[in-house]
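Chain lettering (A, B, C, D and E) follows the sequence in which the chains are written, and residue indices restart at 1 in each chain.
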């Protein structure tokens, strides 16, 4: 019984290593050309964004439309640092500082606004992201509308997979901890959660800050793969794109977010061949998927966890 | 008046009602009792059209209404006090009551019925301007019953009307069900308070995990050892 | 077939000449991408109808970058590493175009933009982008020219700037105009901003109206400029209005109305008052194909395609490097947006015209520049 | 002083447009708790229908706006039937994503059909071409028209929702769909009716804005749509007077920030004020806040 | 001085409606006290005031625990819970989409010592503490015979078991004082009898003081040592079940003319 209830969850590390190794093999042998790699980079960035937004919106139940704002902070800070220190340590310093800056802003913004509920929170976060964007649009150091160019490129498969997997794993670890469960209970019923001693504001802000941190990492990766940043990249529609992935994958399912990000990347890549109707088909696909699976691809289930449980049960049965 | 034949209802793969049949004659009070999760609410929801059965049929006054919408059923004289009261929380008590008479156009008669409901539940009159969502549990229950009466139903489906009510009111509610019945409304009553239910009902059905396991005259059932032990608290 | 990054058949033995088209066909600035593409497609039709280049037909590999700069990068990668294009045209806006340049450099495939006007597109602090070319003016060139025009031709001393702060085009023009204007004795008394797709400008106009000034400079595109001029004139502001090539579209007239378009001057590549037969033929052909008047983006797209075709025809070999060299050595290319040569910074050297409107029609032109 | 009055008038005219679009958001939200992102697209559609009616069929203003309202009404009802109805029992956020999908479909579908370029409405004649000067201010007939339409619609809708049978049915459906069915309310047609009204409003707004600014494009719904959505929530989503108040509020803040502050930071200041106000009034300007009863 | 709860002059009104007016209550350690009264008398509102969901207009609430006195009237619900007040809700408020185990486990959060860092990296005492949490939760569930359904979603439990789970969840917060709001609502007499036994049993097992709202007199009269009666927000009577049963005011306002066993 105990084993069934309490999983150590080592599988995910093995899985991550495996994916990394396969990827590395493809890179070394040259099968992963620049085009595929840039598609892959976009995908991984989307995964990090979706997984971190899922923590805020899916698990903690706080409807946020401002994720692009956090991403942009991570991106700009990372770019500004790595342009001045164009070395790998500079890049890493940039990504981490960017993520911390995003987390800090998340804290400052989250503290007052997380009192708001539902759609009111949504427009407050949307407003926050717009304010951040307009500031970047008018700052000297970020070069306004033209944005930053010539950001040194450090993102390769190693860094990409390292950051992607650690984002997924850390967030999933968090969710499967007492702190994570506190967040989920707030989503389920805030009043009941408070009545069992959960400091709702504290946990909402915690989730918001962690989510912002990882969005910041995604921004940093973006800056240092695509060489450039501009305020227009972080508009309302990017936040919406991330939300779409989260809901499509399943609110409260990290593996769902990953799967949905992959699926949408596949659809979008496939549709590149139809430039005129690309977005129309994409929209249709979105609507159809939602109608067919309103709860999202995975609902609130997790892929890996269920597989593990399946294994566990089989082993038990075999043993007795 | 109301007849259910071989009704079968599924929630996904769960079979909540297993081919149940029952009937309620005009002017009767019939009660449906059973443990938590037996399927009582499911039965009522199917009868009033909120749920669709996979098979079986429902007849009202001889007409097959299995495929009818809830609206048509209301028009045909059915009224359902649902589990959990389900008032419209951001509307006033008065508006809730008016909605009960939604399909009626006879303004004056509606006004009369409104007065009758206020007479029955004076609290509702006191609170007529308050938002229904802020009423206490018991007040909400009264409102739910009052609202159902506003359609002048021929058949009234009641799902646990005594839940959460003060003892005095439980009494009153049951008395009222009796009066309502005496003034010509047929009643199908689902109750946890089996004691009281059996006292006012003429006949009863006992539902267990989706099947009817017992039925008969209410008085007889009240004497049954089995029923006493399972539903009446044993002592 | 699974050999890594081996571009599909290309080079001298290819049957056709593949040109990548990487444009904003949907999303926020789709207007400009679509307009460029119309010009390009017209050019390709004409070239192929005339037998192609040295007997080889041009085929376009067209992608929509959704006005997303990262997507532009990805698509540049796709066309260069998988589709084997010889050269790529687009994107339309400076930002998105810049996003494809590192890919071009890496794959040694030239990229050309018809409308990326920012100053640092082809050269920046790090030096010349060997594989990037453009055929339009830079912002500083136009901004300076319009400041000179304001000071010298209109004798203006005080100017108000109302700029599109959401595009680097608007900001770049504003900056250069201001520098030049103030260097030569003018003052900018107010700087106001709007963002692309705004339709309501009365608030800033009411504010501006309170100031004293001789001209208004509107660095931005016709979509908003048309409305600004209309609303300004309706408020009784009748100072001369200056703009740049972003004004050049028949839509400007439709939006602002003829009465509002008096005392409006903007810099451009060509004027319909030009009786250049090349221009006249282009306008005629364009009208025949699309049933509308061409605007600046149509013309620039048309020229960009012909510019590339011209270089392909002159190239020693059919590969990126040779075409790049051919592009770089273009001399006196006769385009509908003026004839030009490519300078050492991969910018066109062409003269600028300042067009004056009267009741919405082109009335005066003055030429400056090389 | 004249400038100040003029700015007040400016804020009223832009506010009217936000309010007009916000009304449709709030109507639909009121009944199915959905921020109907497709609303802004229907508004764009309305503008194009008006445009084609006027330029290709030579219809006048009134028939054009009626036609746009009619077609938008049909489109709105169809959208609900095809894309939202199957998700009646799904999470609200799932429907939101569908709405975003529908909105993209309409916008990009339109972009495919008519291209992305800006089109302009034909110049108006008659009353609609007039303008009046009051002191130092100039007021156009079109501004008066939009203001009047907004206020009249708000009043009419408020009366419909608060006093008529249908209005009561709408409110009942929004609060408890099942209970509404038990009252004999036809939930489907009530929802359809709401979409019909909301979409007709969008269509009308599209034509009015087309006439007013004479500039339309397939993405014209995005920015005002976003602002109107913000206005609707800000006023207290689901509340008709809230939508109008929110619209005017946002319009006024925008105009006064641009007119007396720094127009570079216009939208940033608008949002900052919005967030501050929400922190003080967490359920919007007119919304009732307070903890739910437990 | 073995008082656990001392409420003085507690008042709360909503708009013009005085829901609770100058109510005094006190509970001694280990007592099981009933709070009854007609519908809308203000019982649930009292609970909401005690647990910080509403802030009182007037009056004081003090909790005594481990020789300390804490005043509750300005505190937030989660602080009050941490001081040792647990509750259930009149309309069940479980975490419906969480498992039975998680419902209880989440309520044990305050015993968790590992920090955010351990939570993110699953290091430090994470594994040990998590294991302990599960063990403790399962023990608690066993008491309510819910251990077999630990991995079911709360919303899939039958009603009666949901009520039990809610009590288990409240107990998981290790309260000294437990507030139960109509625990027997929606149960049939047999189930109510079972619940009555459970309540008595947990009181002993966890050394609890219990305040209980209930309309089912068979339960109240059987297990409550004292009963408070509210009417129109005011306390109209207080005493042993015997006394209350025969108080004419209570009979008139609340009980009606029936004899209760």
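The criterion applied here is as follows: contacts are C-beta pairs under 8 Å (C-beta built on N, C-alpha and C of every residue); 3 or more make two chains touch, one makes a residue touch a chain.
The shown structure was predicted, so the numbers you read here are calculated from the model rather than taken from an experiment.
Visitor: Check every other chain and keep only those touching both subunit D and subunit E; list them.
Guide: The common neighbours are A, B.
Visitor: By the touch criterion stated at the start, how many steps lie between subunit B and subunit C on the shortest route?
Guide: Steps on the shortest route: 2.
Visitor: Centre to centre, using CA atoms, which chain is the farthest one from subunit A?
Guide: Ranked by distance of C-alpha centres from subunit A, the top chain is B.
Visitor: Using mean C-alpha positions as chain centres, tell me how far subunit C is from subunit D in Å, no decimals.
Guide: 35
Visitor: Measuring centre to centre with CA averages, how many angstrom lie between subunit C and subunit E?
Guide: Roughly 72 Å, centre to centre.
Visitor: Give, as an integer number of Å, the spacing between the C-alpha centres of subunit B and subunit A.
Guide: 49
Visitor: On a C-alpha centroid basis, what's the spacing between subunit A and subunit D, in Å?
Guide: 32
Visitor: Could you list which residues of subunit D touch at least two other chains?
Guide: 108, 111, 264, 267, 291-292, 294, in rising order.
Visitor: Which positions in subunit C are in touch with at least two other chains?
Guide: Touching at least two other chains: 25-26, 28, 165.
Visitor: Could you list the positions in subunit A whose residues touch two or more of the other chains?
Guide: 138, 191, 276, 279
Visitor: If we count contacts the way the header does, which residues on subunit D are in touch with subunit C in the complex?
Guide: Where subunit D meets subunit C, its residues are 3, 6-7, 10-11, 13-14, 17, 108, 111, 115-120, 123, 131, 138, 140, 209, 213-215, 217, 219-220, 222-224, 254-256, 258-260, 263-264, 266-267.
Visitor: State the interface residues of subunit D toward subunit A in the complex, per the touch definition above.
Guide: 35, 83, 86-87, 89-91, 93-94, 96-98, 100-105, 108-109, 111-112, 226, 229-230, 233-234, 237, 264-265, 267-268, 271-272, 274-275, 278-279, 282-284, 291-292, 294
Visitor: Write out the stretch or stretches of subunit B touching subunit D in their complex.
Guide: On the subunit B side, the touching residues are 48-50, 69-71, 74-75, 79-80, 82, 86-91, 95, 98-100, 102-103, 133-134, 147, 151.
Visitor: Which residues, counting only subunit A, touch subunit C once they are in their complex?
Guide: 29-31, 33-35, 37-39, 42, 137-138, 144-147, 149-150, 153, 222, 226-228, 230-233, 272, 275-276, 278-279
Visitor: What does subunit C use to touch subunit A in their complex?
Guide: 2, 4-5, 25-28, 62-64, 66, 68-71, 73-75, 77-78, 80-82, 94-95, 98-99, 102-103, 106-107, 118, 120, 124-126, 165-168, 170-172
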